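Both of the next two complexes hold chain A, though its partner changes from chain B to chain C.
Right after this comes the complex of A and B.
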């Protein structure tokens, strides 16, 4: 029991993932600023931002539904923490076998932060936030479809294994899935889905600053906003890690470069694209990405 | 979904100026728009009547921070028109060069902002980085990055030194490959085209109906440009072309502005090459009674200044019409029917500049009837002066 609590709160759950994520966040900001001819912040800037946000006053709008307004950030954070613990443990703890079907649980848990954002935005009672929430709903519906279809690829390729631990072992024995044709297609689809799940440009329509002024987060301030930001930061660790687990023989601290490569791809996509309209994003995911994902599944069935 | 009002302004990250667009939306679609201006009326025309003719050139420079030489340019054109004199040749070339350098930095600024509004911050930073050399040129020849103070009724206030010419030309020529890069990056990027093509279309008829000016009109295929249609300064002595595009959408507006950048660089270099030696000031002493109209093609379109003199030391009447005043109204046509995401870039695509567009009227809130005219305002001001006088006991 105590071990699980330790795993959840300190290592590799909340505290560790948060610190790891804040460093990833710094890499994101630094690389972005170097691309944009700026100097960029020092490495501790994300930590300072978090500290500063958490000592600020929390303003609750009069029209807000208070319980939901306070609870939804916690919901998002706890889901992100849980999923980070699950994904880390199968990768770095040889004693942890996971459980059968944990891959499905993780997919569900990964959706919860987005749902928490939608709930919180709807609870705040701001028209711009509700607009952001409706965009976020459309976005979730858009990216979940290709995300789940491409998730089937590693399951097919490992002949029906539903346990992350076994998928890693299968890859260690038979080579990573990413080297196969279906694997690389599914991997690319997943990267775009991750981009949307993280709410980064070009899929940041739900919080578009220059259109709806932060959209879903417009009424959030202080600690609650910090929690939302922290959730996003933790997802920035968990999602690439999940991807490495599924397609790339899993993660160990010696193979940090895998994570860095995915992070840099995400940062580059973010910095070389304008924001797409929500209808264009939906068309992109339900059109091209779903087709590619289905193609990957067919190829995987064929054994390619 | 029910109709809601999405406010853009008076404080909004989209534009750092006090403007207010009420978007009436149905779901994501804009069904109506109210344009409300007038948050920052500064009585510029009235202030102008209390300054002498030389000071007004500096004062109108403060109307707009971006096109800060356009208003003085139109103003000195108006004074020259009033006097019927032609300033010395060298002064005309200097005015032209300054006007075009300003167009370069203003269009680059817009390009960056347009990128920012689309969420493409890399374009924003890069465009502003390559705007810096232009501002460096300004700093070298005028001492300031903005508010150059180069225009003077009857001439130019400062000379451009011959020894700076090679450096200026070199800096401008170095800008051309960077522009090529932007041209490629914007015209060939599928995602940018997806966001801007067919968005906020203003047809040629719309452009005529709304009386659009500048790049906004030229992007709708209306071939107007004061620099060519009513040549002033040295614009008839240099080779250049008016750039138009037929689309009328946001993409066309970007294309027109990028193509104009090349023309402007070309004009500045020609001005430096052809600039004759000689005096830069015709030494105007008195302004006789009369009227004058001056026009200038600012980066955003045609600026008109009207000056009436009564033989005194300052203008008896000074009327200014800034280009955004014409262009902002066209948003009503362009935005309706588009989504909120597109509305923001459409609002920004006319390159609006609100501080020179502000007008004031006192109206009855209920009936919408105008309650005061110019005479009433003058009477009000006199009463106030009287009150202050009495209070001070004089």
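Right after this comes the complex of A and C.
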């Protein structure tokens, strides 16, 4: 019992993933600023942002639904913590076997932060926030379809294993799935899906700062905004890690370069693309990406 | 040093408020955030919503239409929040001193923390002014009040 609590709060769970994620966030900002030919913030900048936000005042709008406004950031953070604990433990703790079907549990848990953002935005009673919430709903519906279809590829290739631990062991024995044709197609689709899950630039229509003034987060201030930002940074660790687990033989601290490669790909996509409209994003995910994912599934069934 | 104060001064998020300016100061504020001057070195970022802001740079001569709006914007900001008067118009009304449309100086309505004069002030001047404001908040220097 105490071990689970330790796992949840300190080591692979909340504290460790948060620190790891804040460093990843710094790498994101630093690489972005080097691409834009400037110096960029010092390494402790994300920590300072978080501390500053948490000591500021929390303003609750008069039209807001108070309970939901306070609870939805906690909902998102707890889901992100739980999923980070599950994914880390499968990868770095050899004693942890996971449980059958944990891949499905993780897919459900990864949806909860987006739902928390939607709930919080619609609870805040701001018209621009409700606009952002409606865009976020459309975005969730758009990216979940190719995400789940391409998730089927590693399950087919490992002959129906639903346990992340067994999928890693299968890859260690038979080579990573990313080296096969269907694996690389599904991996590319997944990269675009996690870009949308993280709400980074080509797909950040729901929190467009220049257009709807922060969108879903417009009424959030202080500690609650800090919790939302922390959830985003934790997902920035968990989603690439989940991808490595599914396609790339799993993660250990010696193979940190795998994580860095995926992170840099995400940052480069972010920095070289303009924001797409929500209808363009839905068309992109339900059209090209879903077709690619179905193609990958067919190839996987053929054994390629 | 006080850790709270360090966190507050190391990560200043800016929400830009124009009260009827000629847009020169606004363009210079945007210039301050460009790669040449790179205000993100000091943690200064432009944010979309006033709820996230730590500093409100006010530009313009504050005409009558803008008076209730700027009050509302300041009340909606999460405190602690500083107000920076940028440009001659918002520092001392400039050429609109006797104008019928702009009877209120900015500092008669809001607690202005620092004045950055100029028409428009250069980005270097703004960065220098914000650095002086940080020193003032830390208590290292005292700036004589107007």
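Everything below uses one rule, namely that the second predicted complex is superposed on the first by the 304 of 304 C-alpha atoms of A that agree within 3 Å, B and C clash if a C-alpha of one lies under 4 Å from a C-alpha of the other, contacts with A are read in each partner's own complex, and residues count from 1 in each chain.
By our rule, a residue touches a chain if its C-beta (ideal position, glycine included) is under 8 Å from a C-beta of that chain, and two chains touch if they have at least 3 such contacts.
For clarity, every value in this text was computed on a predicted model and none was experimentally measured.
Novice: Thinking of the overlay built on chain A, is A:221 touched by chain B (first), by chain C (second), by both, or by neither?
Specialist: In the superposition, A:221 touches chain C alone.
Novice: Quick one: is A:45 in contact with chain B, with chain C, with both, or with neither? Answer first, second, both or neither.
Specialist: In the superposed model, A:45 contacts chain C only, not chain B.
Novice: After lining up the shared chain so the two structures overlap, which partner does A:213 touch, if you call chain B first and chain C second: first, second, both or neither?
Specialist: So A:213 meets both chain B and chain C here.
Novice: Which of the two partners, first being chain B and second being chain C, lies in contact with A:264: first, second, both, or neither?
Specialist: A:264 sits against neither chain B nor chain C.
Novice: Per the contact definition in the header, classify A:36: touching chain B only (first), chain C only (second), both, or neither.
Specialist: The answer is both, since A:36 touches chain B and chain C.
Novice: Classify the contacts of A:202 with the two partner chains as first (chain B alone), second (chain C alone), both, or neither.
Specialist: A:202: touches chain B, not chain C.
Novice: Quick one: classify A:56 as touching chain B (first), chain C (second), both or neither.
Specialist: The second partner, chain C, only.
Novice: Identify the overlap between the chain B-contacting and the chain C-contacting residues of chain A.
Specialist: Shared contact residues on chain A (touching chain B in one complex, chain C in the other): 36-38, 208-210, 212-213.
Novice: Hey, which residues of chain A end up touching chain C in the complex?
Specialist: Of all residues in chain A, those touching chain C are 29, 33, 36-42, 44-45, 48-49, 51-52, 55-59, 208-210, 212-215, 217-222, 225.
Novice: Can you list the chain A residues touching chain B in their complex?
Specialist: 32, 35-38, 127-128, 131, 134, 201-202, 204-205, 208-213, 271-280
Novice: Considering only the defined contacts, which chain B positions touch chain A in the complex?
Specialist: Within the complex, chain B contacts chain A at residues 4-6, 12-14, 25, 27-28, 115-126, 129, 189, 191-192, 194-195, 339-344.
Novice: Within their complex, state which residues of chain C touch chain A.
Specialist: Those in contact with chain A are residues 3-4, 6-8, 10-11, 35-36, 38, 40-41, 43, 46-49, 51-52, 54, 76, 78-80.
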